[in-house]
Amino acid sequence: MNVLLDKKILDSQLTDWYFTNRDQLMAASNSVFNSFRPEAMECFRKMGIPDKSNENYKYTDVREVFLTPFNRYIEPRKILFSVEDLFRCDIPELDTELVLLVNGWFYENRPRLEVLPNGIIIGSMAEAARQYPHILEAHYSRYADFRKDALVALNTGFAQDGTFIYIPKGVGQDRTIQVVNILLSPEDLFVQHRNLVVIEDNAMARVVVCDHSLSAHHFLTNSVTEIFVGQNARLDYTKLQNEHNSSNQLSSSFVHQEKDSHAIFNTITLHGGMIRNNVYTRLNGPGAENHTLGLFLADRNQHVDSYTYVDHAAPGCTSRQNFKGILDEKATGAFTGRILVRPDAQKTLAYQANNNILLTSEARMNTKPQLEIYADDVKCSHGATVGQLDENAMFYLQTRGIAKREARLLLMGAFGHEILKQVPVEPLRDRLNDLVDKRLKGELSRCNSCPLQCQETC
Amino acid sequence: MSAKSSIPQPMLEIRNLKASIDGKEILKGINLTVNAGEVHAIMGPNGSGKSTLAAVLAGREVFEVTGGEVTYCGQDLLSMAPEIRAREGIFLGFQYPVEIPGVSMVNFMRTAVNEKRKYLGQPEMGAADFLKLMRDRKALVDLDTSLANRSVNEGFSGGEKKRNEIFQMAMLEPKLAILDETDSGLDIDALKTVANGVNRLKNKENAVIVITHYQRLLDYIVPDFVHVLFDGRIVRSGDKRLAFELEEKGYDWIREAN
Amino acid sequence: MVPFIIAESHEIMNADQDQIISQVTQTEYKYGFVTDVESDALPKGLNEDIVRQISEIKGEPDWMLEFRLKAYRYWTTMKLPEWAHLKLPVIDYQDIIYYSAPRSRQPLGSLDEVDPELIETFNKLGIPLDEQKQLAGVAVDAVMDSISVKTTFRDALAGQGIIFCSFSEAVREHPDLVKKYMGSVVPYRDNFFASLNSAVFSDGSFVFIPKGVRCPMELSTYFRINAANTGQFERTLIIAEEGAYVSYLEGCTAPKRDKNQLHAAIVEIIAHTDAEVKYSTVQNWYPGDREGKGGIYNFVTKRGICMGDRSKISWTQVETGSAITWKYPSCILRGDHSVGEFYSVAVTNNHQQADTGTKMIHLGKNTRSIIVSKGISAGLSNNSYRGLVRVSKNADHARNFSQCDSLLLGDRCGAHTFPYIEVDNQSAVVEHEATTSKIGEDQIFYCNQRGIDTETAVGLIVNGYAREVLNKLPMEFAVEAQKLLQITLEGSVG
């Protein structure tokens, strides 16, 4: 079998599928979605699914994960399940506004679109497009540029539903908004949800996103999330990826920040198959500050590739990126972090760090921190390391009577803690610390919160 | 350039000098006259404008001069570029000497000395003479030979940096030395060394302005005049007894009186 | 006035240095003269016939022609790589003269027989071709356009079994060595420009240091492009046998011409067990004028292999010239305990573009590499560091440290850093650090306050910033490099 040929066929299959279902797609969706579809699919046709010849995907051949013959739906299939039975959130103290997406479609455990007393709107993206087209028109597809990335183009071509969060001007939201993405299907499935978070000027939002797979099938998610952070607005965003090893995830997030805004975007990857996380940040107004963080723990044949792009488009902004990886067994990892400082973005402060630990001789890590700078009055730096746990520290702990295995865990925990300590919600932070500890001890060998207890699926 | 003039003129005359940074006025009308052969001490609490005065005299551009005038040896000081002021004999001993990685002290000083000589129409100094001069002057401030071969201030301790400032002063033989908190962060031995260096360089032809927060340095460098700077103005002037009075009564005394 | 740097550790300054200062007052590219010598050239354009003619003119054996033809045929299937952070112009490869040689009727025996114009050229360049300067102890191979003009000092070297000659001569006199090593580090299929070079290279230098010999002097090649519309495609091959040592210097200049000229060279280094090769370059090809017109396109493939255990290859480069630089001197660390080093200063001003760096490929156990890169951008230029550190599966306990700093002078230029780190071995430790900054205003004021004007202060600070790399150059080269840094940046500040 000629795999290469198959991959080429793949591009045209996806394009064909679009044309076959175009009328149905258009009929089911609002014009905001529809207006971008033709151009997005044209861009996709030209670019094709990225392989390693694409400099931005140098260490991940995305085509591989498309080779499974997935089912793809134009409308949601009825998946009946009881939220309480199937999904338990293990953070008891965490009082959240819960939104469920099942296979990328809004799950009606709550009204399709709800306006909370303080004016916050939460619910389905498809519904929001119907009820609040002006909000979508102002933001949808404004930050996620489908001309530059085929995966974004593909998502834009097929986008129908996802999570919608709107925080009006000046509103500080008390409860954390928790979005749970559940994959549950009687067959292998390809899912593409599209999400939008709009935080108007002087408003605040705290969002936690948890990704889980609940049935032992192959899944592929290609999601796009656009986040607008208005002037002097605040965002705390934590994404917890905890899917089984047959769940492959391509996730692209776009954070657009206006003047004096502040955003924390933190991705914790505990489990999954092949994972590619793209986080694009644009600092569009002076004085904005961004912290993009990530921690991944990978073992078996997992592959985790983090890509970040911070665009300093205005003067006087600060960005900090800190990504860490622990790779065990045959896991492979990649990190690409690019900082762009545009001309006249003076007084920029940009820092980036990527540190990785390889635990076995078969694990592998590639890292590519990059600076692209066109302004002179800036302070930018990046650092990257790949290494092992500090032998001296290990020995020191052992001389204090701590067993080697425990010492290893302690040091790995400390290594990851630097990222976790920046999670702003305390119960969540505690829970994440706990999960990471368990994961490091090997107690979390299947995805968490999964009553199916499905064993080895890879 | 006229150190010898038939009519004696002050070396430095500051009249109603006002300066601000980022729109905030720091110096609010300074008047001060310094003659050759004199040592002036300027004291004052933190934030009174002492370091600003030093920086403005040396030509630091971040401070905007908003009023007044400064005459130095009969010339308009404020119209001169910082390097011209330096070549005309004004030396600023920095409170926080700047590190310049990779540039050796030898190279730095040789450039500075020869730039000045060129400006004054003197031939550049040959290598042998220059090295001899360096050796002599290093001895003056007890500066380690190895320090002079290291990069400018890089990896120097606080005391070494200050001694290095006085060493540079010795090399450049200024007419007017302004020493900005040269005593801060020095232990007693280093303080003595620095003060000895200054005293040995002192003569009838030159003048020194010592800026300090504490009276302690003035035990070693004895001033002819002491001025108290408060809120951008000189509010008291006197002889060295004023320094003792200040030490005894503290700056609150000044604060209350103003 | 222009600053100068003197030897740090000993307080030695001699009269020479005073002279240097007075020499360095020129702001324009000072090597931009054209030498009026007759030259033999093939017609413009590239095809199999041209390749055959080059080989024929040089009287090459069949195996060499075969190599060229294979390379040429492969090249025709290749495309220009696009990954570099460069705005690459379209180059018409049929508009280039691939062979141009200063005319000479017979092989040169002594210096007297060299065209006086040529000697004058190399004198202007400050290359010690004449007997007197040979005493200075640097053996020189001078390559003008495509042809090696004269190799000095060879008899003295031959006494120790050292071969230092033109590449053409090596093909004739030492075919076994050339056959064995040519293309072994940079294969003819390696990349677009390496293939092109392999097809049309005209000359270059050849160095062979036999087992256990420490080459007693610096070996040096000066490259000069003289004829118009000519590409220069030289090839250098350096072989250090077991326990041998050599330090090799390369310098280059070209006349000012409005049209761009192509330079696509190959350097291959082989270091056997316990051998050490130091390769230093001061690259000062014509960078084009202030408006970005003209200048050399410098597309060079330089690579060394540490074949044997404990061998060491060290690259030091000071890049101030060329309109476009595309160059990644690399080390393949095959032997256990072998060491690769890369020290680089790259300066770009006006419209210059540079995409330069290194590759350190760790194959052997306990291999070590260090990368120190100092980029300086001014004017409207773009300066990129691009480097790969790869630790392969069996390279246990490999170590790398990379430090890549960028200095920006002015707000219309760009400074970029693109490291690639690929680690496939758990016991490796790879560290990369990079910073980008501008010269501190407080540093300039400090110099001003000591009577040093701003332009001189910038020169001092830049030289200080590059010190770590300049210190790795042999003394004569270091002085020249400092002058070049200064000249390149003049007028870029304040």
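When the chains are written out, they are named A, B and C in that same order, and each has its own residue count from 1.
The working rule: a contact is a pair of C-beta atoms (placed from the backbone, for glycine too) under 8 Å apart; a residue touches a chain by one contact, two chains touch by 3 or more.
This structure is a prediction, so every number in the text was calculated from the model and none was measured.
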Compared with subunit B, which chain's mean CA position is the farthest off?
A
In terms of Cα-based centroids, which chain occupies the most central position?
C
Taking each chain's centre as the mean of its CA atoms, how far is subunit A from subunit C in angstrom?
45
Per the C-alpha means, the centres of subunit A and subunit B lie apart by a whole-Å value of 58
Using mean C-alpha positions as chain centres, tell me how far subunit B is from subunit C in Å, no decimals.
48
Show which residues of subunit A lie in contact with subunit C when the two form their complex.
55, 58, 343-344, 346, 356, 358-388
Give the list of subunit C residues in touch with subunit A in this complex.
83, 85, 391, 393, 406, 408-438
Where on subunit C does subunit B make contact in their complex?
1, 3-6, 8-9, 11, 13-15, 17-18, 440-443, 445-454, 456, 460-461, 463-468
In the complex, the residues of subunit B that touch subunit C are 58-62, 81-83, 85-87, 91-92, 94, 97-104, 106-112, 114-116, 118-119, 124, 126-128, 130-131, 134, 149, 151-152, 168, 172
